[in-house]
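The first chain written gets the first letter, and so on, giving A, B, C and D; residue counts start at 1 in each chain.
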């Protein structure tokens, strides 16, 4: 398989980032791990945004991924990271295949609200499940990888390297997806669904595929979140969590596969300092940031880097 | 635009990543300096519905106490400046945002802010998530409020994690014991809890305790409205039609105040006696909207139930002077956690002015007995990591002349009477009929 | 059998408004049929029904002798009947080439591939070829929002043609285009369409334009087919003159 | 029998409250196509304004009781007017014409900002202005004790709903508004000042939000975050009823209110799902909501 220049850069950055993990302070390594996990969920949001759909319920698959990982550890005694993540993704794909049948009938605000409703139903179910710790959630067991158990204190760094590798792979795949016929068809649907239909293509089928794929990607993020934070709770499915994903997606924009990663990292850095410096009004800072982006950078931070070029091209 | 002629560096992706990398390395460079001060990370709710009733009094208590400690104003045995002679510096963090975020912020506190200890956490979920991280990082951590029974069941061999607040089971065992003394004839019991772990666990502990202590009383209704719902009309009707004698609720904060107001306005609290395990936190706000005789608790000997000792008088005076209102139980609990930490650090046997290492503090904290605003605290459970204290309940009484609420008919139960022993969970202990309980 | 499209007793009403009343039409392979009628006469409704966008209240539609009633627009497109739109239906945020590439890709498979890039040499060649046919190659890399109205109409038709349909329905191909450009635009369209050997049915207001290209005219009035036949015969029809063209010389007056 | 009666009473009371909360949301969406996430914040602003002023009024015995009610309503309307004008004139009018979903996100940002602004103004301590609630006393309806204040809410809600409906359906201004709803461009071409209509409607929606907050304040303890809690609830009601429809919001509120009351009485464990369950069910059958209109795209 031949790699394009963009893909080479993505892989190169990943190698640098993973290497940087060995010299960076531990808190930064952890912050980046969490940011990358979130970025995966945001990728799911962005995939749907490219098709013109805004979901206020991507937390659903984030949560399913996380809980599948946590529950497999608890009830099935599975500790292998790869198996756990696969179970998480598999669970989300199954659910998405079912919900997708209904969801693909809806557009615009109705899609947003229905996705929110499903996410909140899962939240309600989890809150009711005292066996799963209700709102307190439960701790996720320590992971192993192909029989190897990371030494105490080394797990965060090891997980960081793994998530960087997965992110790089995901970035390459998503980059290809965004340029594939299916990916472009999503943009076409956003632009003009009737025309797509009259080209002989089924918009619902494309959206369905996209919905399921986005769910899988988001669940992967949820699984990583569970493994890195070591704890899961129903908050993952709460609509405010989903709102945050939309926030980060807008922050980065949909122009490039790297944008959600960069936006998620930036968001994590801004938020952690906002919480520390202005603990009483960090939400306000986030709000103003979001407004500023919508007003000045309607295509997200990415337009800072390419805006001029693209406009000139147009 | 001809892409192929661009050099690698001019590629927008490379440009973006370079920019992001620069920002990151800048942020990584910003680190707290080691300044010889004893740095404490305080984590409590600064936003959301828990901020008013819990977060703000807690943060205020920390400020009052730390200021007093840094000036050496506290009565003995806490008259030493700061902690072990080192000035205390506080970093306050908002607890809102869920457990995963709190784990991240906890790591930031320990690894970036280089705090010497973390005191905080109201939410049980947060405590559960933080405990293994604290153990992993070897960070001295004191939980001051969360009540989950799961904490030391999960963290089986705790080293750095301590809890100076009581297990939530204590609240409900205490409530049942109080009822058995003051309302032994009650026949019908109803409950209304917030629909989340706290409410579900509280109701479970309470009903099982009642089965043991008042076997004749039957549960006639159980309502679990959504947390922060605010409107309880339907729930109040549903409880009213069952005509209960006792209504148990573990509601807290705004929800509790709204429930009392609405239930009282509809006459429910005249026909039935309410038992509010967190009722004390609004004692200054009920005025005449709560009936006299309503049973309230303060989650331990805190707030209005705190004993009248020199330490508590000092704390109350300072708190009232600073914030024009008496400290409620969350404030007392925060003070207790910081005092426990100071006690341990100063008994860690390092020379004055030096900051002991976490392990040294932990060794001194384990099994310690220290004085607090709530009287003497024994770290007597979970192998010396969990505080054991008594609990008190009393009846609300409003004096229209002074427009002040107070508690009457206070009955205190000793720690040994309401706290499950090590090696058994609260629920097992309750179901077994409280074996080994020593009650006065 | 050279009848490609046949409708039998097609009816459609929107509440109290009747948009189609007992429409019976037979179109033969290779014909170029013009549809005329004033606004609201049911021309677009006819196209919408035939292509599956609207479901007729009653009646039957046969394409190549097979019923296509109740099929989706995409199924009908795949069966070989494509259409263009009154207002060009494009993907405005994408470039002209990308618009056509999407059409090429859609024509190739109903299941778009997930990882293989859409831009490949054969697709680009196909898109470039059709752009050249319509003589709009110079707009290839421009975003659609920056393309003039007339060119958009051509792109719209090009996208319909890419799937090699047997029949093409053009809904007012010259609407929104200035009077001077109309003839040139229609000449281009008809030239390409002829090369592709497609049966064409088009809706048009300008009688001069209609007369220039068609072999047959359908005149609609208030949901009914008023007249159907050779252009001269239909235009000479008294009822057509009264209800559609507005008198024997109306169109000439309008043109001046 | 008793509990069936109680379900009806409780359900109606809850529904009337839901309608109050949702009315402003649906009016703004109906005309402006803005699904206003900050609506909950308007509700909270109304509650805080009323609770702080009413508390001050009664605690200091400023004047007669009836004037306290007027103060409660008046201050909420003024607060709504000011906040609505600032937000519409200062921010939203620069955003018109943007994508519907982007408007949701703009109002989400607004919500974040308003939440902290409220914290700065009122702090985090609860406000407890119970006097208007307690003063009214209670009645016994067939053995069920009901707060008169709650019964009054039903009346207020009905009057408000009827008023809004009459305004939209029967007045000239209402007709103009419906023209804007139906086709913005045509309305503009007909000489309707759409901008002014937008300002009017947004301020009206804001005032409905603050009014709902003020009317709720005496029955609850006003705390930070209360606005965030009701947004999803209000959304659900509006989506069930059909977005932008007043009668839809009323029916949606009744549906949710009654099903919730029934759940509380007969199956308390399902109470948490009722709202989303009803919403998912209605949307599955009627994607546009009960009173929503489907606008087929013209091609």
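By our rule, a residue touches a chain if its C-beta (ideal position, glycine included) is under 8 Å from a C-beta of that chain, and two chains touch if they have at least 3 such contacts.
Each chain and its UniProt protein: A, D = Branched-chain amino acid ABC transporter permease; B = ABC transporter substrate-binding protein.
What you see is a predicted model; the values in this text were computed from it and never measured.
By count of C-beta pairs in contact, A-B exceeds the other of the chain pairs A-B and A-D. Compare each chain's C-alpha centroid with the centroid of every protein C-alpha atom shown, and the nearest one belongs to A.
Of all chains, B has its CA centroid at the greatest distance from the CA centroid of chain C.
Chain C has its Cα centroid 72 Å from the Cα centroid of chain B. Between chain A and chain D the centroid-to-centroid distance comes to 33 Å (mean Cα coordinates, whole Å).
If each chain is reduced to the centroid of its CA atoms, chain A and chain C end up 43 Å from each other.
Shared interface positions of chain D, i.e. residues touching 2 or more other chains, are given as 115-116, 119, 269, 272, 299. Of all residues in chain A, those that touch two or more other chains are 127-128, 194, 280, 282-283, 313.
Across the assembly, chain C contributes residues 53, 89 that each touch 2 or more other chains.
In the complex of the two chains, the chain A residues touching chain B come out as 5-6, 9-10, 13, 24-28, 30-31, 34, 127-128, 130, 133-139, 152-153, 225, 229-233, 235-236, 238, 241, 256, 258-259, 262, 265-266, 268-269, 272-273, 275-276, 279-280, 282-283, 301-302, 304-306, 309, 312-313.
Against chain A, the residues of chain B that register as touching in their complex are 1, 8, 11-17, 19-20, 23-24, 27-28, 31, 46-47, 91-94, 98-100, 103-105, 107-108, 110-113, 123-125, 128-129, 132-133, 136, 148, 150, 154, 195-198, 200-201, 227.
Here chain A touches chain C in the complex through residues 173, 176-177, 179-185, 187-188, 191-192, 194-202, 205-206, 209, 213, 313-314, going by the rule given at the top. Residues of chain D that touch chain A in their complex: 35, 91, 94-95, 100-102, 104-106, 108-113, 115-117, 119-120, 228, 232, 235-236, 239, 243, 269, 272-273, 276-277, 279-280, 283-284, 287-288, 297, 299. Those residues of chain D that touch chain B in the complex are listed here as 2-3, 6-7, 9-11, 13-14, 17, 115-116, 119, 123-126, 128, 130, 133-134, 138, 144-147, 149-150, 216, 219-226, 229, 260-261, 264-265, 268-269, 271-272.
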